[in-house]
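Okay, so chain A shows up in both of these, paired with chain B first and chain C after.
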Partner chain A sequence: MQERLSYDPFVLPFTFGMVYIIVYLIVAMARVINALPKEDKQRLAKGIFSKKIFISIKEIFLECLIHRKIFKHNKWLGFMHMSIAFGWFMMILLAHIEVKLYAPTRFNLPYYPIFFRYFMMETETTLRGGLLFFLMDFFLLLTLTGVGMAMYKRINKRRFGMRRTTRLRLGDTIAMYTLWAIFPLRLLAESFTSNVSGGSFLTRGFGLVFENFVSNPDHTLPIWWAYSIALGIFMVALPHSRFMHIPTEMLLIVLRNSGIKVEKKNKGIATISIYSCSRCGMCLDPCQMVSAARLNNRASVYFLRQVRHKEKETENTANACLMCGRCVQACPVGIDSCAIKQNVRDQRSLPTGTEQQYSYLPQPIASEIKPEILYFAGCMTHLTPGIKQSMEAIFKHANVNYQFMDEKGSICCGRPLLLAGQTAAGERLIETNKKIIAESGAKILVTSCPICYRAFNETYNLPIKVLHHTEYLERLIDEGRIKPQKSLKNFVYHDSCELSRYSNIYKQPRNVLRSIAYLQPTPYDGKDGICCGGSIGSTLLTSTQRRKIAIDAANKLTEKQPDCLVTSCPLCKKTFDNTTATDVKDIAQVVKEALIIE
Partner chain B sequence: MKKIAIIGAGVAGLEAGHVLARKGHNVILIEQKNTTGGNVRNWDRLFPNQREASEVYQPLIQQAVNDKLRILTDTVVMSAKYEKNTHRLTLSNGETLNVDAVLISSGFRVFDAHRKEEYGYGIYHDVITSADLEKIMAVNQKVRTTKGKEPKRVAFVHCVGSRDEKVGNTYCSKVCCVTAVKQAIEIKQLYPDAEVFCLYMDLRMYDRYFEDLYREAQEKYGVTFIRGRLSEVAESFDDRLQIKTEDTLRGKPLKFNVDMLVLMTGMEPTSLAELLATEFNIHRGDDGFFTPEDEHVNFNISRREGVFLAGTCKGPKNIAETIADARSAAETIINYLK
Partner chain C sequence: MPDFGYTINKQRVIDLDKNDGQTVRRVRQLEPSINICIGCGTCTATCSANIFTEFNLRQLMLLVTRGETANLRKDIEKCMLCGKCMLACPRGVNTRNVLLAISRIFTENE
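Then we have the complex of A and B:
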């Protein structure tokens, strides 16, 4: 291997693009890290200078190159992403190895490894050289296969397990078409030059055909120019397109592994998350606003794009979302788009208002008898009285010494206000409830509402244990305090978003239900749970739109015609009551029915 | 002589059947339930004059007997095919009918109050629907709480299952307002000392005599009308019903106890409507009721040739309107079959 040339003007477009993107990334990264709060900066430092970095590197390899999560979703889609990312990465890596081996003095020229074939000529055939030629061609073929698949995906997305794909913006279109052009141009360029530079099965093969047209490598310059221009355009377009996710995703992984979360007023990681969206569109199909209510623009992929480009619609999209978390579950990059939506909502927080407006809040009174259980039904349970009635019957049957916290009139747990972005007003309710809970002297707080459950569990910081009634029912059965009878009925259980996806309560309700009936599995169990459409997360969806989602969800859950659709959230129950002919009951109701109560 | 199948032997079906039979047509009535007469059979007295409901439905049923109409009860149409001007209907009893025209008069069903769980129907005792109250009145001519006492305080809740986006019914059921006024008066006639409340959104006293009845309810009988929707019901400590509402005219939240709560349930399309719409390929609105081709003039004609519509299957109607519509449908069919 011998150097033929070390420079040609065609490298300029590439070099310009390269410099542009490096400067852009350094400035952007500095700004993001600077925007992180002090504690997060410390966390990041710990994340980089500790064992955590190895976890991050492993994750970067598995997710950014191999695309493991996408493979799990669909192997063809995974292969497509993997072949482009991993193939290209390997070509760059091998090119640098080649330079290090054959032209070590040129290692500092950024363009040199990229256009290595043009500058070098093969003087003798060696095994090592042959292997490198082969590997380069192999990875070029892999990448070309990926590009071919990406083109085919535009025609037949269903083959890749997708019903919908993202609509592109101008920046995306330019970057995507130049990306598609880069690899065929590289193949052409290297094939034309292969009679001098050498090559393997792919480049040499094509080269033999092309030699009939052009044999002097210098006459193939236009194609090398085209290749360089394509690279240059891609790199300039990259920060302004969805391909920005390539560099940012790596930083996101490091930040996440350092324990930094998207939280209020935290601009840094939110910004990185927004730019890390590759707009792959994998959140489109799971989004029920898209699939059932046909509101395509409300999907998270478009929300993230609206935030990034500061579009007017951003706030509406944030307010429309049901916050079910299915998009977060599906996102291969792991972007917490619901948290970013919450940030947008919080920016609209209003002041608390006058003291008079809160005069209705009760004054907590210390209770003399310390109850075993403090029971909080919640507003929604008061609208589904069958649930609280059943819970009281179960408490009495099990001889539980309980106190009904909101029997006479409830104050809200505050979560609906927090979800709507009204933090200050929500805090007032939380304060009062905290006092009432403390005065009761109870050790366990049981609630029937998953919405309240999350508030108590995540926002209140209570010194006592908080249980949802599904957990408490399981405990009562385990302790033998209630002995429900098993019947021949078959049930389907609906996993509510708040309880399952957000609180990891899957097993408890299933254990309870298996002890009283046959429980049919559905494709929407556990993490794949579907939203009932009634979610208080959305402040913008109309009743008609919600109804479409509810009917679709109810139909999906009752496909196998169960005797009863069992819910564990009063709001889900209320929503399904009006959308399906199937009997809808809360888990407390079916347990109560399975008890022999005199 | 042409053959006509009428689906639904309620007020509309019976009346249309009678008109068609008098013209010499062969009429077959197909009824899902085991009796004819439809929803009116469950009513004790009718607004606005408290006339006995049987005075209306008995003659309609008798007419059909006199006309010797073929009546298939406990029967539904399973499928329908249309070719060469003939409708071939397959019935649930296994029979196949070839008819020249079909009249759909499948009527309405009363909204299932269980779906408004916050009102406590089926959960708390003494929460009943307007239809339940009629049945109680028809059987006993008196009203008692579950404990066997005379109710001292009764509240009527308007618009249960009507004008309520949350249950998916945005329309007004038309007859519940005046029914509530009628039933409130009836309670006061039975128990003059009882306190009676009507919780309403708007009072739609649209027809002749209705406004007078509403005035009479207030002036003569002392029924209290509160503009506000019921928010929720709970059991009170003295085993009565505690209701929460708002007097929106005074802007005050209200909480008080009653002995009995009557839910004015609205009208919904029957459970058969979906099947019929598919089998006959006819239009339904978002509310589930059938939609005629022309809402103003040819309101008995459906999209499918030879299939006609009459009565409350097209939306809420009172009895007189239903009878007029049934006669109009019969007339339309007679002209079509000429």
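Then we have the complex of A and C:
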């Protein structure tokens, strides 16, 4: 190949866009990394200068280019994302190889690889571009297919496994339409010059179709201008649109693999996470505030957008969320939007009063007899007395030496306060409960409430073992201390968010239930568990909205008409009561019923 | 005078014109469900804090509505935000957010 030209004014829009975005990214990245706390900076350095970087590179390849997680969700959606990202990446890579091979002196001109075909002409000595031409055309075709699918998705999203797609803002719309324009324009531009520069099946083919038109050189330049302008606009719009996720997602992966988690403040990795949201909309369908209560604006994708643009509604969106974690689970980028919401809640910290707050709470009394088990029912269990009565009956039946920590009324575990951003007040309750637990001298703390379970496990830092009663019941059965009878009944088990998604307790309740009845699987088992809608995580949802979610969830769970819907959370049980004709019982209740108690 | 076993309450005038109407207007904005409270007292009966100390949510809501907010500040701090009242309320008042709204108004006014 031979150089024809090395410059034409049409490269200016592209070059301007490129300079703009590079400066923008460098400044933004420096600011974000600067905002990381010192330990995180050290972690990052370790993450970059060690084996971990290879893991990150592999993950960047699989997630940013191939989009593996989206493939797992739906193959068409995955193919769409993959073809645009991977196709475009390969074209850029191959273009640089072409320059290196055929015009090495021009390698430092940033626009040169992009407009290579305009500047070069084919000669007899270069195998007519052969393989590289073919590959370039192949990846262009792949990208065009992806763009076509993206257009089709706007009409028929169900084909791509989605019920809802994200509503766009102006910046997004501009960036999206220019992105769609880039590749068809590139095809035309390269076809129009293909009689001089050469091309393969696609560009040469189109070139021949337009042969008469193209033979006039005045006709080719405008299309190259258009191509360059589209690239320029896209790059200028990129930092102000959702496409900012392209550069930030890579940084997010590196930070995450270095072991950096979202901090107590929305800076550093939280900022990166906010910008890494591609607004793909995959968090819309799993969110029950959207699907059941029709609160579209409350989905995480809009929350992240509101934080990013500092919108007024941010705080309300953060407060409405049930914190069920279904969106985090579904997010292909792995954005911990719940942690970011918690940060927003923490910032509004309300007056938590004086030192005397909660001074009315009883002080612990040291007991002489050290119990084997300390049982904490929790506030919610006191509202569903069947559960605590069953637990007491089981303890007695198994001859467990237990002490009922909150028999006369619970001191809240503090998690509701923490979730509402009232950290100082929550910590006072934690201190009080910790003292009581320490004084009891028990070695195991059993609780019936998954909300308390998580608080005890994750926040309290207790020196003793904490078990949820599902785990404890499994243990009692395994040790042969209780022998429940198997019946012919048909059960469905509801995985509560706190216990399953957040605490990985799936197997224990199922083992228990299988020993007393037939357990039907549902599509909402394990990590796909649905929220009952009663979650204490939300402070803003109204009772009507909660009820809509609860009815929808109960209907989904009881589709196969089981004899009983078994829960393991008193709040879930209370929420599901009166939403379905099916019996709703806690796992402790069904176990107790399966025991032969004289 | 013979003791008939009755007492006479001290006279208590609720002057709605002089009371604090601001707070309740703001609470209604932040948590409209306070409007549907029927004052049944179920919330107070189930309240976790009320087991250990005198804390009457029903009364508290009534006082806010009437604009008698002078002593509320100390009172709302007793709540542990556990949510029992919310689940027990027959009207579906979002009681937790009523309390959060009141305490927020106190911060705003500071």
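Keep in mind that, in the parts below, the second predicted complex is superposed on the first by the 585 of 598 C-alpha atoms of A that agree within 3 Å, B and C clash if a C-alpha of one lies under 4 Å from a C-alpha of the other, contacts with A are read in each partner's own complex, and residues count from 1 in each chain.
Here, a contact is a pair of C-beta atoms (placed from the backbone, for glycine too) under 8 Å apart; a residue touches a chain by one contact, two chains touch by 3 or more.
Quick caveat, the model's predicted, so the values are computed rather than measured.
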For this session: Identify whether chain B and chain C fit side by side or clash on chain A in the overlaid structures.
Result: clash
For this session: Answer with first, second, both or neither: which of chain B and chain C does A:Gly386 touch in the superposed model?
Result: first
Problem set entry | Which superposed partner A:Lys574 touches (first chain B, second chain C, both, neither) | both
For this session: Figure out whether A:Ile536 sits in contact with chain B (first) or chain C (second), or with both, or with neither.
Result: second
For this session: Mind working out whether A:Phe134 is in touch with chain B, chain C, both or neither, as first, second, both or neither?
Result: neither
Exercise. Should A:Trp180 be classified as contacting the first partner (chain B), the second (chain C), both, or neither?
Worked result: neither
For this session: Between chain B and chain C, pick out the one touching the greater number of residues of chain A.
Result: C
Problem set entry | Which of chain B and chain C A:Gln422 touches, first, second, both or neither | second
Problem set entry | Which of chain B and chain C A:Tyr358 touches, first, second, both or neither | second
Exercise. Where on chain A do the contacts with chain B and the contacts with chain C coincide?
Worked result: 382-383, 543-544, 547, 574
For this session: Report the residues of chain B in contact with chain A in the complex, numbered from low to high.
Result: 114-115, 117-118, 120, 123-124, 165-168, 232-234, 271, 286
Seminar exercise, completed: Listed in rising order, chain A residues that touch chain C in their complex are 348, 350-354, 357-358, 360-362, 379-380, 382-383, 408-412, 414, 416-417, 420, 422, 425, 429, 534, 536, 539-544, 547, 571, 574-575
Problem set entry | In the complex with chain A, residue positions of chain C that touch it | 33, 46, 48-49, 51-53, 74, 77-78, 80-84, 86-89, 92-94, 96-97, 100, 103-104, 106-107, 110
For this session: Using the touch definition up top, name the residues of chain A that touch chain B in the complex.
Result: 382-386, 389, 543-544, 547, 573-574, 577-579, 581
